[in-house]
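Chain nomenclature is as follows: A, B, C and D, assigned in order of appearance, with residue numbering initiated at 1 for each chain independently.
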Amino acid sequence: MQVRVYYKDTDMGGIVYHANYLNFCEMARSEMFFKEGKSPMINGCHFAIKKIDADFMSPAYLGDLLQITTKVTKLKHTSLELYHEIYREETLIFKQSVTLVFLCKDGKPHRIDEETKAFFRQHLF
Amino acid sequence: MQVRVYYKDTDMGGIVYHANYLNFCEMARSEMFFKEGKSPMINGCHFAIKKIDADFMSPAYLGDLLQITTKVTKLKHTSLELYHEIYREETLIFKQSVTLVFLCKDGKPHRIDEETKAFFRQHLF
Amino acid sequence: MQVRVYYKDTDMGGIVYHANYLNFCEMARSEMFFKEGKSPMINGCHFAIKKIDADFMSPAYLGDLLQITTKVTKLKHTSLELYHEIYREETLIFKQSVTLVFLCKDGKPHRIDEETKAFFRQHLF
Amino acid sequence: MQVRVYYKDTDMGGIVYHANYLNFCEMARSEMFFKEGKSPMINGCHFAIKKIDADFMSPAYLGDLLQITTKVTKLKHTSLELYHEIYREETLIFKQSVTLVFLCKDGKPHRIDEETKAFFRQHLF
């Protein structure tokens, strides 16, 4: 997935504000669903974030076109792990591991349904 | 209501990103409810924005302490109008008129309940 | 310009948070520059917002693909007026007039250079 | 530092959007400076984020008053490590370790000046 950096993404340091890299990764995760005509909201359940490990390797600037990759690194009954990388041209500028848990309206972890598991299995690393 | 300007509010121009003044006004509106132990979500209904007229008079900078005022300028059956001003010390730096409509879960305008009307009437200009 | 609605754009009302429509319009304005290989930062000067009139006509939801149009409605020595519309398919859901002034590092309005004027004249309504 | 949760912080899941916890921690870090009459911008240099490890333990909701704590866990020549916790009343809902590097206008790490080191040493765990 490709994302352009706009003013809204920058801060007074002249570079992308750190928390916005997490937004970019959310966009890439959600777009995995949208581009196949699906939604990341599945029968009132969704994937909530439990853990993030992120490395900020190089800044991004206004107008940059960033490439965001998403890989599934672990797939369990009620949770999964993803690994995102963000590139500006050939340069890796950010990487992030994220653990997500499948929560339903009761606010508790539920088993990920088979269709959704099959969907993620395609992207399993 | 008082709001501090943090990095997250600024952009690479070194000043507060324009859309964030709208956030500050939402904070002031919501805080009217919170400080009286109420919520701006009322029996599943809430106030959705229909119209905004905003004037940006002077920039705000990292670390600024801004004062936000809210006045009720019109109170109707299903909608109301508010007027916000943002000050840095004595200087008016932003003003905004906003029309809100009371929407419930069906996505349609509903009559504002009497308790909520009475609440807004206190702040009627 | 086309923008997808992601989680980050929504609020607990289940729809796009109102201030984010202003972000979408900034993206469309900036993209006018980027797609011609230009930047909205011009020799250390940029366009700062002075005034916004916005109408919120219909909500947008997670996954929506929105189309944003930009027209130049007035072009003066140190400022210009733009008019944005946001559509979901054929439906107009948001419209906004915005007045911008050309500010340089001294924080004062400057004459818009001829190249930039010519650039905007192409989009003059 | 105390932060209220507003609409702008929530997403359509009805809870605070994950990246906004990072904003709350930035606010707490910056406020350490502001409350002593200092700025986190020091002679054109500032602290840029290199690494984040975050655990999301419990969601936060509209109107919640969150307490954010900041401890200095490591203080080196050009970088430091902080540890943030976010509480809702007595409940720990989020924790984060963050590594920051002191960058100046050349975009390179510089030695943290003695005054700033002394400032952080007060908060050393």
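Everything that follows uses one rule, which is that a residue touches a chain if its C-beta (ideal position, glycine included) is under 8 Å from a C-beta of that chain, and two chains touch if they have at least 3 such contacts.
Keep in mind it's a predicted model, so treat the numbers as computed, not measured.
> In terms of CA centroid distance, which chain is the most far removed from chain B?
Measuring from the centre of chain B, the most distant chain centre belongs to A.
> With chain centres taken as the means of their Cα atoms, state the distance from chain B to chain C in Å.
22
> What is the distance, in whole Å, between the centres of chain C and chain D, each centre taken as the mean of its C-alpha atoms?
About 32 Å separates the centre of chain C from that of chain D.
> Averaging over Cα atoms per chain, report the distance between chain A and chain C in Å.
It comes to 27 Å between the two C-alpha centres.
> Can you list the chain B residues in contact with two or more other chains?
Residue numbers touching two or more other chains: 7-8, 12-13, 15, 19, 23, 26, 41, 62.
> With chains as vertices and touches as edges, which is it: line, ring, star, complete or other?
Topology of touching chains reads as complete, every chain touching all others.
> Where on chain C is chain A touching in the complex?
Per the touch definition, chain C meets chain A at residues 4, 6-8, 23, 26-27, 30-31, 33-34, 39-41, 62-63.
> Name, in rising order, each residue of chain D that touches chain A in their complex.
The touching residues are 12-13, 15, 18-20, 22-23, 26, 41, 46, 48-56, 59, 107.
> Give the list of chain A residues in touch with chain B in this complex.
Chain A residues touching chain B: 7-8, 10-15, 17, 19, 62.
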